[in-house]
Every structure is written in C-alpha cells, then in structure tokens.
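Before any comments, here is the structure.
Order of writing sets the labels: A, B, C and D. Residues in every chain begin at 1.
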Amino acid sequence: MPAGLAFMSHNTFGHLFRVTTWGESHGVALGCVVDGCPPGIRFTRAEIQAELDKRRPGQSRFVTQRREPDEVKILSGFILDEDGETMITTGTPVSMVIENVDQRSKDYGEIARQYRPGHADYTYDTKYGLRDHRGGGRSSARETAARVAAGALARKVVPGMIVRGALVSMGEKSIDRANWNWNFVGDAENPFFTPDPASVGVFAAYLDGIRKAGSSVGAVIEIVADGVPAGLGAPIYAKLDQDIASGLMSINAVKGVEIGNGFEAARITGEENADEMRMGNDGKPVFLSNNAGGILGGISTGQAIVARFAVKPTSSILTPRKSIDKDGNDVEIMTKGRHDPCVGIRAVPIGEAMVACAIADHYLRHRGQTGKGVGE
Amino acid sequence: MPAGLAFMSHNTFGHLFRVTTWGESHGVALGCVVDGCPPGIRFTRAEIQAELDKRRPGQSRFVTQRREPDEVKILSGFILDEDGETMITTGTPVSMVIENVDQRSKDYGEIARQYRPGHADYTYDTKYGLRDHRGGGRSSARETAARVAAGALARKVVPGMIVRGALVSMGEKSIDRANWNWNFVGDAENPFFTPDPASVGVFAAYLDGIRKAGSSVGAVIEIVADGVPAGLGAPIYAKLDQDIASGLMSINAVKGVEIGNGFEAARITGEENADEMRMGNDGKPVFLSNNAGGILGGISTGQAIVARFAVKPTSSILTPRKSIDKDGNDVEIMTKGRHDPCVGIRAVPIGEAMVACAIADHYLRHRGQTGKGVGE
Amino acid sequence: MPAGLAFMSHNTFGHLFRVTTWGESHGVALGCVVDGCPPGIRFTRAEIQAELDKRRPGQSRFVTQRREPDEVKILSGFILDEDGETMITTGTPVSMVIENVDQRSKDYGEIARQYRPGHADYTYDTKYGLRDHRGGGRSSARETAARVAAGALARKVVPGMIVRGALVSMGEKSIDRANWNWNFVGDAENPFFTPDPASVGVFAAYLDGIRKAGSSVGAVIEIVADGVPAGLGAPIYAKLDQDIASGLMSINAVKGVEIGNGFEAARITGEENADEMRMGNDGKPVFLSNNAGGILGGISTGQAIVARFAVKPTSSILTPRKSIDKDGNDVEIMTKGRHDPCVGIRAVPIGEAMVACAIADHYLRHRGQTGKGVGE
Amino acid sequence: MPAGLAFMSHNTFGHLFRVTTWGESHGVALGCVVDGCPPGIRFTRAEIQAELDKRRPGQSRFVTQRREPDEVKILSGFILDEDGETMITTGTPVSMVIENVDQRSKDYGEIARQYRPGHADYTYDTKYGLRDHRGGGRSSARETAARVAAGALARKVVPGMIVRGALVSMGEKSIDRANWNWNFVGDAENPFFTPDPASVGVFAAYLDGIRKAGSSVGAVIEIVADGVPAGLGAPIYAKLDQDIASGLMSINAVKGVEIGNGFEAARITGEENADEMRMGNDGKPVFLSNNAGGILGGISTGQAIVARFAVKPTSSILTPRKSIDKDGNDVEIMTKGRHDPCVGIRAVPIGEAMVACAIADHYLRHRGQTGKGVGE
C-alpha cells in the first residue's frame, strides 16, 4: 500500500442499537446493517419505504431534481408473518439495501481540481489525497438514506414513541409557533416540513428569491420525540443528550445543536429556567414547562425530548467565490447545475432518524442497566 | 441483587486517547486513567496542577466557597527525567488521583426527599431508586476535576496546539469582541475568564445583583484551539465536530453546542457563510474567514477550531419554586447554602479539557488513518 | 415487545479491520460489511470467490451434499481499474452479498422439539425461547461464508502475508509432518485439506468407516501465516495470540486453541522451549526454532504465526443418543439425512479467514501505535 | 513526539463488566478501575485481599522470593454499611490501588542489551525501541495483581457462582483426577494449588530437581466455575467460550486454551462426545456428562464451566542459551537471580480471575439481551 493514503473508518454508530452504513453515490448500491434490533418487532417494508420517500430528492422545485427511487430491500433479520407482508424481527442483524439507479460518475471537469468554499474539498484533499478515489461518493448526502432506513426501524423499538421533525426557520424567516400543527408537516402542499401553514407562502417566496439570486440559505430543524419513558440515559459519559448531539452533528452541514431551550438557557435566570413540578390529578408527576427538553442530568424526564439543529446554507452556489485549486492557483468558483437552495429542508427526516436511533439505543441500554424488560 | 436497581456505566470517553474517570464527592478520592497517551511526552506535575487550580472552587466571591485543594498525584505511565521533576510518558496508562479532603456527607435533610427543579433529582430517582446510594456523589461536578487532569495531558499530545476558553456572555450581558485579549483571561483580577477587560465590572455588578436576589444565571463559553493541523477527523460517524459536541454536551448543565458561527449559519446566505481562500505570500493556502470554526466535512482545516457551549443557570437558588417530593406531596423548594450563582464560570477549564481530549484523540486516530507519524 | 424475548448481539469482530456479518440460512441472502479496509488494495471478484469455493459444500463424498453456489457480489468500497476487472479499495466500507439459492425452510418435524446432544438446541431454547424464530438460521455454519469473504480481503491487507491451513489430524489418525507439502493441500485429489499425500487414503478409509457406522469424528486444523512482520500486537489486553484465539474459538464446534507448541509447552523444560537466536549471514536475526508460534509477549516475532484448533465431531449422527424434548419427555434421538461426518474438514478455510482477519487488524493497529505507514 | 515511538494501548477488557488496569512494576503503584459493577453488591476489603494473597510471591520455596505485601485500597464505587466494614457497591466505578513497596529499578546490567530466549525482549525492542522506557515494567506479571482484584469483585456479580482453579499437570507429572479434592487446593501444606494430595510430594521432588538443574517447567491449569446459570453468552461473535479463551490467552506465558474436553474432542467420535440428557427426578434436565465444558453454541448449559490453559516454562533459566544482543552480536545468556521455576503455579488465581470476569461480563450482557433482571 502506498504511503500516505488515508482511510475512512467508523461507519458505525450506536452501542446496543448499532447501525453500520455502507455505499457510495457512484457505486452499485448503498445500505445499512442494524445489529442489536430486538426480536419480536413487527414492521412492513412499506413503513421503511415511507420514511425513505420523505428524504428522497426531486419532490418539489425547492430541492434538487435528481431522481432516485430509493427502493429498499430487506435481506435479513426477520421472518414473514402469515399475512406475507408483516416482518417480525428475530434479533439477528437487519440488512437493508438501496440500489443506485443513477450511478454514473458525473463529469465534474474543472471543479474536480478546485476547492469549493464551504465544501469539504480542501480538507478531503489534505487528508485523502485524491478525493474522488477516497470515497468522495461516500460523503455524499446519499449516505443519509441508509440512516433514514435504520431510523425507521428504531422508531419501532420504543413502544409508543413518536419522533417528528419540523423546519422552524429558514434564513431570516421563522415560523409562528402559535400556528404549530404537526399534521400539516407531511401535507402534500407543504414542501418545507414547516408546521406553520401560514409560513408556506413566506418560505416559498423567500426561497424562490434565494434560488434566482444564485444564492442559498440555511435552516433550523426541530425534532420532538413524544412517548419516551423517564429514565433513559445515564450520567457522566452516557448522557442521552450527548448522544443526540453527536448524532445530529454527524449530519452533513450541521453546525449547532440545542436541547430544550438551548442557548436561550444561558440568557435567563434560574427561576425562569427551572421546570416546576406538581402532582397531577391522575397521581402522576407533572412538569409545568419543558425548558429542559425532556432531559435532566443526561436522563429522560418522561416529557417530550426536544432537540434543534442548525444547517448551514448549501455551499454549491451560482455566485462566484474566491478560492484556490490543487495547483495553488487563485480561482473564482461558481457551481453550475441544480442544487438544493436550502439543504436544511431535506435534513428533517434525517434528523428524525438520528434522534430515533439515539433514543432506541438508550432504551436498550436501559434494559441492561435496570434489569427491567423493555416495555415493562 | 435486588431487582430494579440500575447501574451507571460508560465512565470512559475517547477512542485512542481514552479517559476513564472514577470517584464520588463523598468518597476517599477521585481520579482518572488515561489509556493511549503516546510515549515520549514531557510534562510536570505542576502543569497538571495548574489546570486543576483553574477549576478549583473558592477562588472568588462569585463561586462556591467550598475548599478543596485538589492536589493531583500521578501514579503510573511515566519515568522521571534526570531533573527529577519532568515526567516522560512511556505509553502505558497514566493514573492520576485527587484526594477528597472535605468528604463528609452533607446533611441534605429535607432536600433529600424533594425533587429540586432543574436538578437531576427526579430523573435519578426514577432510574436509580435511592439517589444517594446510586452514586449521587458521582454526578457531582467534582467529577470534572478528573477531566481537567486528563485534558492537561491531552494538550501535550498535539505539538503546538493551544486550547483556550473564555466566557463570552453571562445571562443578558455579553463581552465586546473588539476587546478580546487572551492574556487577560487568566488575570488575577479577572474572576470570570472573560477576555474583555471592560466586561469585568459589568459582570461583577450583574452577578452581585443576581446573587443577592437569590437567583442564578447561565453563560456561554467559547473554546478556541489554535495550532491544530489540517486533516484531523473523518467523514460519516467520526467527525471531529461530532466528538467535540459530544464532549461538551457531557458537561453538567450544558444545553447547546455550536461550531464556528453555529446557529448564525442557519440565518445567512451561502455567499456570506462560505470561507473564501487565497494563496498566501508564503505559498500556503489562506482562508479569508473562519465561519466553519476550523472544520469542514468533519475534518480540520488547519484554522482555529472554534466551539461554543451554553450552560444553563445554576438550579440551586434561594427563590422558592414549586415541586413535589418522593411521596407525591406538592412542596415549595428553595436551596439554602452557598452555591455558584453562575456555574458557567467554572465550566471554562472543563470545556477546554473536553475539546483538548477530543482533538488529541483525533490526532492519534489520524496516525492510524494515514500511516503518518504524529507531528510529521 | 413481549417480556423474555432475548436478542443476539455482537455480529462484529475486529478493531480497525472490522467485519460485521449478517444473514440467515433460511433468508434471502447473507453477507458482510468490512469497515476499515485501507484504500489502494487491488483485488478481483474471482479472488474472493476462490476462497468461498474452498468452503462450499458438495465437493466430495465426505462433506454434505447440499448445493449452494455461494456467488459473491461486491457492492461498495471500490473503484474499478481500467481493466474493468480489478477492484481498488477506496477506504470506504466493502459490502459483500451472497444470495441463498436453497433457502426453503427444512421440515425438521419432530427434531424441532427435541434437544439434540452436542447441538446448541438446549442452550438456544433456554435463552431465546423459540429457537427457530430467534435466528436458528443465523447460527448455521452458512454464516461462515461471510467470514471467508472478509478473510479474502484481509489477506490483501498485509503485503507479502500468506495464510494457509491444513488438517493435521482426524479422530485417531494424524498426518506425518515429514510429508508436509503445502502445494498438495489444494490438490483436486485431496478432499481433506491434508498436507500429507500419504494420509489421503488413510483418512478416506477411516472416514468412510465412520460415515457407514452412522458416527462422526473431530479434527485438528493448523493455520500458518507466513510473511507477517515483527511487531504486530501489544502486551496486556491486545495480544495478537489473544485475538487469534478469540477468532478461532468463535468458529462453530471449536473446543481448543493452541499457539506454537501449545499444550506441549506445558510438558517440556525452559531449555527445550526457548527459541534460540543467532545473527544470520544476511545480518538479520534468525530464530533456531519456532516453539513460540511466532508470538512472544503478545507481539509477532517475524517468524511464521502458527495456530491450531480442535473441532469436535459432528453432533448430528445416526447413532441414537438419549435426550429430552421441550416438554420434558425422555427421548432417543438420531439425526437422519446427510451430514458432514467430519465438520472439521470444511473448517480449514474458515480458520484461515479468522487468522487473516486478526493479523490484518493488528497490522492496521500497528500503524496507529507506531506512526509508521503500513508496509514501511 | 519523535517518529517511530510506539505506544501500548488496550489496557481494558470486558464489555459491561469492564476492567482497566494500570501501573508498572517500577512505579509508585498499580491498580484497576472496574466500570460496570452493578449496585448493591456486598463485599469486604478482606475478601479482595484474600484473593490477592493467593497470587502473592514469596509464599514457598517454589516461587520467587520477592516480597510485596500487595495491600489493596478501595477508593470509590461503594458506601460503607453500618458495620463499618462491609462495602456496598453503588454502580459507579470501583477504583482499587496496590502500592509497590519494592519498586527500585533492578540493575539488569548486561541483560538489558540482550534478547533472552522465550522472553518478549526481542519483540518489545522491535516494536517499542527502548524496552525499559516503553513500559517494560508494565508487562511484568505484577500487572496481574490488578486482574485478581477485579476478579474478586467479579465473583460477587453472579449470585451462587463459585470459580476455582487447580494445577493439573506440571511438566511431565500429572495429578490423579480420582483424588480431586477442592478443599485441598487452598491447604497451607499445598504450595502447588494441586487438588490431589498425593501429588504434592511428587511435584515437590520434581520441581526441586528442575530448580537445582537451573531449569524450569510448564504447567496446565484447570478452572471450574460452578453455579453459572444456563443462557449466558450468544452465538456468532459473543460466545462465552470465545471470551474465556481471549481472557486466558491474555495471561503472560499462556500458549493454549481448552473448553471441556478440548483437544480430546478432536480425537473421539460423535457418540462419545455428545453429552446425553435425561429429565431428573426433580423435573429439571440433567446432563449425563460434561464434555462440552458447560458451553454449547457459545451459550452456557447450566453445567460447570470447565476451561484449561497451558503455561509455558519460565523463560528465565540458569542454563545458557544462544541468543543475540541489540548490537547484533551472538551471545550466550543465562538468567541469574531467583525466579519461579514454574510460573504456572501462580497463574492459578489469575486464571480464576479472568474466567470470573468473563462470566460476570456475560451475566450482565444477558440482562440487556433478555430483559430479565440479574438473578431472576
């Protein structure tokens, strides 16, 4: 092996619910192996596919027009129920494969020798030498399809858990939280995963302007997990929020993560921030607010888990930017072709998947920590 | 073993530079074992102690008056150089111990049966049953002394790296970045780790007011690592920013983490956010800005690594808050005794330690990934 | 999820050369993901296939007659060289898939409720409840096909390494080491992987007798890895022999592992056991013997790595044995159908694969430990 | 850091019951951190000390006369019960420290530049360069004291488990299994951990002869764990026997490991090897033999776990052997000073500790795998 060639490692995340992803955008297929999925979980291929369809490109004029059907095949880890459709996990690894239909190598031409600002071109080249040969296709956002497939299974691991995500701001525009409507997020008329119906027109006009200007814009996504039992997580280095932060920060283009009221917590007083409690009429403790985002001391409180993450604007833009090429020449770069003017939009289902996987992992770890059966 | 007793696990972080911490605030001692520290690193006990002294309580009226000398003993992993003082690591595990001088169990009295809002009392009790017996003392911020000791070693692993932290805002008050002066951060007249000399009076007056009101306030800390070579990190699930986020989020009371311009990236356009490049006069690439915080695609760019984290306000306050006790009674809680009105202050050296450890870990991983000697 | 259902975990082995296998004998396919394979390694699909063909059933009257072509597909982690045939690894995960052609569930009938002596029926049932539903197909020796595919890649990781295995005894019959001929092991006339041409007739007659008697017999396999550089491994808990032992013991039906002269070392004196050294004519150190099997203090010496493992006799036999069924009835069991009378034969390529993977893993770890490029 | 300096890593073993050891023979102290010990386990310092006393040198004329009291201090992870003596684990890491009393560096003189046959001198020097500086003291058998301390805790994790070891052969001499008496193993008149009273005189005479001849001899140790519940372990890469093999092979000088009848299984037929079953009078399944050594398919059967390991003869002998020195000169080496003529004797408590830790680890993993409380 020639000296100086680096390799990529750590294509696995999770401790007990372990997800290993593989595959390049230019290759035959991509997929994942989920090891540690408990037995007895019932799901259908259609349910996995539905999650994948949410992140698939080409669904509106606001996202890239590349067409990939992203059809998932499930190769192991289940037996078919008598209905011939419902799969029941057996506790063995679940292998899922998605073929690449449009796998031709693009002719990047000149761009292949230039460092596009905001892209990882320079860092990849510094580390791996020839970025095309060292898995440039691996770092494509296509890899996240495998995460979404794994996340679809993770959702099933915690009984009663519902993980939903929404875009809460795009560039300078934000939703009105008073209008929050989860049902609207998946609406066919809603290309933005916004929970605020009134925001669709605002976002559409804003993003059309951005796109026409050859520009791009960032976004903030909020993920909410309801139905998570209290007690998941552990202090010190196995905090639930720590693993959620790590998972969200591993998504391409993410630059910030918050739990609960996040950075706002640093601006307010202890009285304002403390979530007070009272006994409910049903004899169960009730929190009067959820500034903590459902996590105290690294352990879930039983309230909704709330996490937000910031996605930077798409780096591929039509506006020329100063940069250099591999030979050390100063160049001006503009990226032609169609790109998502706001990659944050398609990050919504990916964020959901990462949060679902983190919680599923801690749910299973909790079994070992407490000696209680899952779901008991 | 009685059913239902849970245990705590994962007292280790890092992959190649692995830190395992142990010890409770009520026990004999606390400490850490650093496994994976490369051989040949020269350090003195005084250098480790200097870092510990930075986070030690009792240094100004703005932090708790508990007195712990926090003297570190280094038990293994080194040989003494001929000067009898300089230690040279041998590549074997470095074990460090800090005795607890003031280890008497506090008489928490009534508070022991009440769930203090903002504290982990409720979640611990839900998970572990008897929180005192299940390592309540483990979750004390004293555990972070062991992190700081490990971080002091981590700083030595990457030649030329300098990791510094500063408090950039406290509640509603922020520093003026135009005044940034790293030398001032460690000044004896500066109880806040602020880099802005003009802010000391502002913070002092503000925090005195908070303290007298029986209140508390949060803070934002910024950690900057200079001298980090390009190429550290890896795409997918071994991103450098991912491990920094995980490390910072594992610090008590942290609710948000940002890399570079963080959440601000979600508000601006692609042109604004892109860090342009030019060839420098010395024939080396120069970035014209550092919105990326020194990390692109999960890999270091060679610029300064910049991370920020939000610390929530101290939960122990004199202002009464509604809560419940273990028996399900509604109660009003106020926490007597002296507490840090802003725990964020003492989080500065802890944040430095966690960032130093994450970078040291990736520095060593880079060796395996590239086949290049460290520092070559 | 119903209480009491257990799941299987840990379908991964290796630290830097990490192999995750998946798939059941009754499922659609099986395969593996190799994460951590360095970039720049050249191989062909035919080379992987050749290893798989060695362990494929149905190749002589001495092994089971089930027919599985075991054709491997390679889905990721490579680019094609200009010859359109040679694959070059990119450092990203290599995903390999083998379809199950003969995947119909067998009608085990009565046997499904009985605990066959020597089989894992009782332990599986105790742990997993319904053994068929809990991945009985996962524990089939078909899983080892995935190991062999991974091992074929592992062989390429260490330049110059040659890993070969041979059957050295079968039941009461042993080879004559004076006749050792590696070239004969793969000979078409040699159904036993024996290195001793004179042993073929002896083994054939012996095994025919065993088979006709409805009996079975065990075997001892020796694996030799030539061309392994000195210095691989580490003391304490990362010994090279420790990982070889773990890998070989993970093969179905293995009950013992030896390194070098193994148990014989316990019978002889220090003078006899010590491998003396002299400087060779070429100025390089020469060992005068290899009782150590190429490993001292957990680290390779540069001599051949020699490991042996004992495979117990096939548990499925035609001779009736006493047992019980799931309902607690005493029964007599004999297993009809054609089975390998000596499963140890087909364990040869599997042992090679596990040793190759362990050495490849330590080879890559050595890079990180020494800061030397692989192959330097 | 100078190029070419390697470091040692992986000073941790176990998955849920994780043991990290640290310390050198020439340093201040050595010890371990046990992370993952469940809460509620009651033990005394005297119980830990009793295990350490078993492996302590200087207890008969057959082992080295170096004197180390090996007094253990327990620094964390417990609360004291009301009797002021019984410790109750809290689920947090248990840190144990043993001071080195006789820690002066030995004057190895000439030997420091020579490669002693059978020792790891050559491999260490090849890997680490200067073996003294790279933790030569770490690879001393003193490190095993930390394992024994951890093993003493591990014994308590599995209720009802009793782990005992015995020396079953020494060089050419073996015990008579008909005389097996566990009570005799710890007898004050028994310097060999032999279970056969009749063997003491034979071993004593034999070993005196070996010692006087300036020679040394190997040994085989058998470890038996009674009271291990059925169901521990998992197929594929988490087999209980795999982890026992790895643990035993990690002990200095071990060259072979067997489970149950081990290599003998390769010599006999399927009928002979199969452990038949019958329903017992108490309505529980009974195995009529234990050739499997208590493990089938990687999972415990509920019978005694039986493992054996081979220890090579002490490499330090008075008989001159050929070797080379660091400068490439041919030399004759004989090791003066007092050494154990049979290091296998003191390996007995170490083997017990490694087996106890492996079983404790799988016991805790079983909780997570089954959702059953430990001990239920």
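Here, a residue touches a chain if its C-beta (ideal position, glycine included) is under 8 Å from a C-beta of that chain, and two chains touch if they have at least 3 such contacts.
Because the structure is predicted, anything quoted here is derived from the model rather than measured.
Engineer: State the pair with the higher C-beta contact count; candidates are B-C and B-D.
Structural biologist: When B-D is set beside B-C, the one with more contacts is B-D.
Engineer: Which chain's C-alpha centroid is most distant from that of chain A?
Structural biologist: D
Engineer: Any idea how many Å lie between the Cα centroids of chain B and chain C?
Structural biologist: Each chain reduced to its C-alpha mean, chain B and chain C end up 46 Å apart.
Engineer: Mind checking the centre-to-centre distance between chain A and chain B? Centres are C-alpha means, answer in whole Å.
Structural biologist: Each chain reduced to its C-alpha mean, chain A and chain B end up 27 Å apart.
Engineer: Distance from the CA centroid of chain B to that of chain D, rounded to the nearest Å?
Structural biologist: Their C-alpha centroids are separated by 38 Å.
Engineer: Among all residues of chain C, which ones touch two or more of the remaining chains?
Structural biologist: Within chain C, residues 1, 3-12, 16, 21, 135, 138, 365, 370-374, 376 contact more than one other chain.
Engineer: What residues on chain D touch chain B, complex-wise?
Structural biologist: Those residues of chain D that touch chain B are 1-12, 16, 18, 20-24, 27-31, 33, 35-41, 73, 75-79, 88, 90-95, 97, 128, 133-135, 138, 159, 373-376.
Engineer: Which of the residues in chain D end up touching chain A in this complex?
Structural biologist: Touching chain A: residues 16, 364-365, 367-368, 370-374, 376 of chain D.
Engineer: Residues of chain D touching chain C in their complex?
Structural biologist: 1, 3-13, 21, 115, 117-120, 122-124, 126-127, 135, 138-139, 143, 169, 171-172, 210, 215-220, 230-231, 233-239, 241-243, 245-246, 249-250, 252, 255-263, 265-279, 283, 285, 288, 292-293, 295-302, 310-317, 319, 321-324, 328-330, 344, 365-366, 368-372
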